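Both complexes below contain chain A, partnered by chain B and then by chain C.
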Partner chain A sequence: MIQEFFHLLSGWSSLDTAIAGSAALTAMSCALPGAWLVLRKHSMMGDALSHSALPGVVLAFLVAVGMRQAGWISSGQQDALLQMFLFAGAVLVGVGTAWLTEWVQRLGRLESGASLGVVFTAVFALGLLLIRLDVDDVHIDVDCVLFGIIEMAALDTIPGTSIPEPVLVNGAIFVLNLLLTVLFYKELTLAAFDPALATSLGIPARGIHYGLMAITAMTVVAAFTTVGSILVIGLLIIPSATALMFSERLMVVLGLSVGIAALSAVLGHALTLTLPRMIFSRLGYPTIEDAGTAGMMSVTAGMLFVIALVFAPKHGIVSKLIHRFRLGLKIAGDDLLGLLFRIEEQTAARPTDVSVPDLVAKQNGINRWVMSLSVRSLLRGDFITRQASGELSLTDRGRESAKSLVRAHRLWEAYMAKHFELPDDHLHETAHRVEHFIDDAIQDRLQSELKSPSKDPHGKSIPRRSDT
Partner chain B sequence: MATRVVGVLLVLMGVGSLVPRNVEAARRSGVGVRVSSISLSSLRHPNVETGHPHILAIQQNNTVSPSLVSRLSRVLSLRDYNTRVVLLGTTILGITAGIVGTFMLLRKRALVGDVVGHSALPGIAIAFLVMEGLSPGTGKWLPGLLLGAFAFGLAGAVTVMLIDKFSRIKADAAMAMTLSVFYGLGAALFTIVQRVPGGNAAGLKTYLNGKTASLVADDVWLFVGIATVVLVLAMLFMKELTILCFDEQFAAAEGWPVFWLDTLLIGLVVTVTIVGMQSVGLILVVATLIIPPASARFWTDDIRLMTLGAGLVGGMSSFFGTVISALFPRMAAGAVIVLTGASLFALSLLFGSKRGVLVHAWQQRKLRHDVGRVDLLRACFELVEHAVSDPIPTHEEMMDHEILLGDLVSMRAWDLSTLRRLVAVAEKDGLMQHTGDDNWRLTETGAEEARRIARNHRLWEMYLMQYAHIAPSHVDRDADLIEHVLDPELIAELEYQLDHPEEAVPVSSHATTGSSSG
Partner chain C sequence: MTVAYHRRPVIWDVDYDTPAGELIAIVGPNGAGKSTLIKAALDLVPKVSGDVRVFGQPYEDQRERVAYVPQRTSVDWDFPVSALDVVTMGLYGKIGWFRPVTRKWRKAAREALDRVGLADFAKRQISQLSGGQQQRVFLARALVQEADLYLMDEPFAGVDAATERAILQVLRDLRSTGKTALVVHHDLQTVADYFDHVLMLNMRLVASGPTAEVFTEENLRRTYGGRLALLDQVGTRLAEGQ
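Up next is the complex of A and B:
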């Protein structure tokens, strides 16, 4: 399988490099404004902007063609001006969409998602009509339109060089976005996390909002030449969401987003060349050799996110499960130590009909399997020993640890009784839950706060720490 | 460059990666689809004019088009069997989507429809591949495609919920991610679909922007069936869904199966989205879920009426959108339906009787008018109070006293022109009468009203001092804000609490000359 993958990849040509490079730059240029959208919880605004770019582009195209037909510019100038018109049109319509959404939301007292949904679908529908009404007539020469536009865009090299045009355009946008992020880092951060504070500090939070919308619209328009309008949303949002699974530090998140974006693009193209053939040749369709790179980029980014979602060191599902399991193990062990200590303390006959671990498991609703694992780890850590009779008893080390737990438990009970006026029979449950988390420092503070009590509210003595 | 731009435009339409190599070929095959479907329906309905599948196709094929009026009468009289079919189909889809969308809007999950719509794309491709693989030539069997779309639409909605619940990623990012990944998968699969040997996939891309033009009777009967089931379910569970939308916690606390209700609602939304895609396409289908209820919201506060209104708006936009697109060539039905809906939304936003902008503005104006009157009369009362020797002026003194605008203007933070306007309004309301240049006098009702207003104001001040322990120097401002909304019941309560039953106006607890409250 892996061999087949690399065998298929061995056909990688300079064209593939051009495609992957264009795609990577496109994804990187999207990742920066996208990260701010995610942080501001405006991700669906990216959706709206990429849809609403349509009428902007059509208008730009109409204006450029109209100017040429009117004889104001030559067709060479038209091509040169078109890119500028495209950006201008997209910014105009993008900011217009953002403004209209806000206006409808405020005036109609609607929820933001609803006003967004009304505005961007209407704008997109308008674009669809415009395209059918006019542009279709002007240029029906669509024979050259291939499946994934990125493959063709990468062929469009800058005259005299072998650098694909998208590399230049998207690279320029990436540099611009990077520059703006560095320049307005403080303002963007403040406006994203605390717009009220930003405003009171004299930073125009609304201005930042619309500026971000304008930049996003521009980035989207530069990007759709390579990936298409709907997949742009993925490039905007997925890398930053993935980065957020790894870190809380803004700088790290921004850096990671850009890196993940580039990785999704390159890996996406590599998978385009390999995955469809590997799957469909087995299904009996040997003619299928690849799929559209744009679509696969989005899918790859999604797969990277799923990997992060599952395996990220701190926030990933696996790491959370491990953490929860460890905690369960610790609590089971603590409960066992506590019970052994209390049995010793009472010098009463220990229960004979049921083993101590079983009793702890039953009382606290702990899984028996977790309990036995916990007993094993306590034995290994020399906290408890197993007598010849099979009974468990505390070692000196275990006794110290148990003493600290029981001490925490009873100090907390005393504290609760003093400050919360709870009935006596309500104290145990909370103390039982909290005892695992009260370390020596808190124990000392509780002790001095309570003026070194010797008994808890139930009349049981609070054990002293041995070193005091 | 120019050709690239055209390509780019098509990409923007969402069809970039799906555009066949040769558009003419696609057209031919598209027509082929229609003709084959027509022959089916014309077998069953021999009165259909042969060669003219339906009005939409006529517009595209005829070079000499009949006059607008004759076309309009032709569409509206429903003379063509296929016009009836298409109109019936889109209208039913519009009504159903509007009704189900109401719950999503109130649940603040309006954009989920967008995710469902985009997520359905790979489902269509996979269903096609599976059916084509099982038995070549059956790839475009509609119920099968719908089932595939339904499965992936549902998967999209569930993915959003799972990411929202089990990760630190917020719902908005989860939606954007899900829809682009699923859509990306769909785009990749569609390029593959088009390379399957013998697989004529040309008709499939109509799912992107709607396939109103090629709806046939069988499709419509399928929609009618599905729509009926959805509507019956929505009506049966109206009460439960309403509780879910307004207070999820309450519903859970009351023992309602919130999870299953949520599942039901998502199921309804996915169904409506998938079926609704047939009329406007999967990119715009979210509009049919959001625009109707958002428009209806401006007309009513009653959820039952809102649901009806949403159905009405949805049906109307689909009906008129289809009619308009049938009248003019090159008008994509999906886009026109959405724009018709958006126009209805704009009208509702402006003229809605409950929350419309104009009604709101009128209410604001009325409120300003009331506040102005209250301020004016209290200022008059306090002016007279200062002028007469008694602590509290009598009714006769109030009426007899000549009020000069020059004196009145120093009572509050207002300027002379505002004051003149207020006085003019009061004259029209019969509260004041003109006695000289800038001299005015309170009428019988005016004097009575002024006493009442001053009394309310001072009762509230006394209440604030006694119960809220606010300093006498601070109560005037608070009372100034509240006096406009004190109703008789509250006044009675104040009288009782303050043990102040007699009709008399209490003496002010602070200096009233030129009080600066504004």
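Up next is the complex of A and C:
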């Protein structure tokens, strides 16, 4: 499988490099404004901007073509002007959408999601209508705007060079976004975290909001030719959503977002070349050899997010499961130590027919397998020993540990009896649940607050710590 | 000063002259416009009428002399920054555009954290702080601004005893160095102990002055005894009629 993957990749050509490079720079240019949107909890704004940019793009086309037809500019100038009009249109659309959304929200007294929904769908629909206008020879391909054709875009090179056009355009946008992020790092951070404080310090949070909208719209429009107006939403949001799973430091989150974006693009193109053939030839469709890079990029970004969701060091599902399993082991061990200690306290209670671990597991609903693992780790840690007869008993170390647990349990019962209106037989269960989490520091505070009690509410003595 | 949301006035014609160098409590029931008063003073919400002068001059010229402690719940505490980062934010106005946060500024922020007893938590991500610690981070962020006037929105809300003591100590230190603090406060029990002056608000200024004179049962009844029905009614007409 892996061999096949690399075999298929060996056909990588300079065109593939051009496509992967264009894709990577597009994704990287989107990652930075996208990260700021996510951090500001304005992710929906990316959705809105990418849709409402459509009429801006169409109008820019129509104006440029109209100017040529009127004889004001030559057709060579038309192409150059078009690019400028596109960006100017995008900036207007970005600021306009943000402003219109606020206006609808205030006037219609809607929540921000609803007003965004109203604004961007209406503006997008207007764009779809405009696209239908066939002005003489001008025809805009709807599919191209919605989904982009990165394979075609990468073929367009800058005249006189072999640099693909998207590498230059999206690369320039990426550099611009990086520069703006570095220059306005403080202001962007503050306006995202606490816009009220920013305003009170004389930093124009609203201005920064509109600036970010304008830049995002520009970035989105630049990405239209490569990935289209739908998939670009994923490129804005997914990389930083993934990065946030890994780090709690802003600079790292921003850097990781860009890295993950580039990885999604390059890996996405590599998978485009390999995955369809590997899958469909096995299914009996040997003629299906390729898929769209733009689509695979977003799929890859999504897959990386799922991988992060499962494996991220702190917030990932696996690490949470491991944490919970360890806690389960500790609680099982604690319960065993506690019972052994209580048996030592009053030897009459020694169970005769079942082993102690089985009894603890049964009483507390602990899985037997977890219990036996925990017994093994307690034996290894020299907390308990197994006698020749097979019975378990506490070592000195284990006795200290158990004493602390029992102490925590009884102190907590005494504390509850003092502050809660509860019958005495209701105290045990809560104390049993919290005893694992009451460390020496809290024990000391409980003890001093309760004025060093010697007995718990049931009349059992509260063991003292050995060193006191 | 009058402030309105959706044209419905939330505070009517408040005219107040803050005594300098004192600790002043702003008290009043929910919806009385306490937070709004502070936000309007800081130009965070638009005023229908009136103006704010700080030390005799328009607020815009005196921004640097005013520090703001918003309600703790007004921000997202999952934001990927540390306690020290948040305190440093108080200095962003002074540091200025295009300038990096240098060691000098971080040192100032560290000292402010120390003043609220959080020196050991500088590197801690803010979501891993307790509610009281988060409140103290906000306080440190205001202290680092070295302002002359402090506007604080419910700094004592839902904090632990240690934090309450720390905040009170900071307030007293501020007063002893001649600073002024206007504090939205909800705990009527402690008003007399903590504050020299009190401003009693319920959509309009009910009473203001030295706590000993003004914080009386009669004034409390007027402040907390329900909203003025006519004020509400006319406010609604204003909102509908325009």
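Simple rule for what comes next: the second predicted complex is superposed on the first by the 410 of 468 C-alpha atoms of A that agree within 3 Å, B and C clash if a C-alpha of one lies under 4 Å from a C-alpha of the other, contacts with A are read in each partner's own complex, and residues count from 1 in each chain.
The definition used in the following text is that a contact is a pair of C-beta atoms (placed from the backbone, for glycine too) under 8 Å apart; a residue touches a chain by one contact, two chains touch by 3 or more.
Note that this is a predicted model, so its numbers are computed, not measured.
K.L.:
Overlay done on chain A, so just call it for chain B and chain C: clash or fit.
P.N.:
Chain B/chain C on chain A - steric clash.
K.L.:
In the overlay, answer first, second, both or neither for which of chain B and chain C A:Ser74 touches.
P.N.:
It touches nothing on chain B or chain C.
K.L.:
Between chain B and chain C, whom does A:Leu128 touch in the aligned arrangement: first, second, both, or neither?
P.N.:
first
K.L.:
Where does A:Thr385 make contact in the superposed view: on chain B (first), on chain C (second), on both, or on neither?
P.N.:
Touch status of A:Thr385: no partner.
K.L.:
According to the contact criterion defined above, which of chain B and chain C contacts more residues of chain A?
P.N.:
B
K.L.:
Please work out whether A:Val58 is in contact with chain B alone, chain C alone, both, or neither, and reply first, second, both or neither.
P.N.:
After superposition on chain A, A:Val58 lies in contact with chain B alone.
K.L.:
Please work out whether A:Leu116 is in contact with chain B alone, chain C alone, both, or neither, and reply first, second, both or neither.
P.N.:
After superposition on chain A, A:Leu116 lies in contact with chain B alone.
K.L.:
Between chain B (first) and chain C (second), which does A:Lys41 come into contact with in this model arrangement: first, second, both, or neither?
P.N.:
both
K.L.:
State whether A:Phe280 touches chain B only (first), chain C only (second), both chains, or neither.
P.N.:
In the superposition, A:Phe280 touches chain B alone.
K.L.:
Between chain B (first) and chain C (second), which, if any, makes contact with A:Leu250: first, second, both or neither?
P.N.:
second
K.L.:
Chain B has the stretches 127-135, 469-477 or 505-513; which one runs into chain C?
P.N.:
469-477
K.L.:
Can you pull the chain A residues that chain B and chain C both touch?
P.N.:
Of chain A, residues 41, 109, 244 contact chain B in one complex and chain C in the other.
K.L.:
Would you mind writing out the residues of chain B in touch with chain A in their complex?
P.N.:
Per the stated touch rule, the residues are 1-14, 16-19, 21-23, 105, 108-111, 113-114, 118, 133, 163, 166-170, 172-177, 179-181, 183-192, 194-197, 209, 283-284, 286-287, 289-291, 294, 297-298, 330-332, 334-336, 338-339, 341-342, 345, 349, 355, 357.
K.L.:
Taking the touch rule as given, give the residues of chain C at its contact with chain A in the complex, in rising order.
P.N.:
For chain C paired with chain A, touching residues are 6, 39, 42-44, 63, 66-68, 70, 74-76, 79-82, 85-86, 89-90, 92-93, 95, 97-98, 101, 125, 127, 141, 145.
K.L.:
Under the touch definition given earlier, write down the residues of chain A that touch chain B in their complex.
P.N.:
It is residues 38, 41-44, 46-47, 51, 53-54, 57-58, 61, 79, 82, 104, 107-111, 113-118, 121-122, 124-129, 131-133, 135-136, 139-149, 152-153, 156, 224-225, 228-238, 240-241, 244-245, 272, 276, 280, 283-285, 287-292, 294-299, 301-302, 305, 309, 315, 317 of chain A that touch chain B.
K.L.:
Using the touch definition up top, name the residues of chain A that touch chain C in the complex.
P.N.:
Per the touch definition, chain A meets chain C at residues 39, 41, 109, 183-184, 186-187, 189-190, 192-194, 196-203, 244, 247-250, 252-253.
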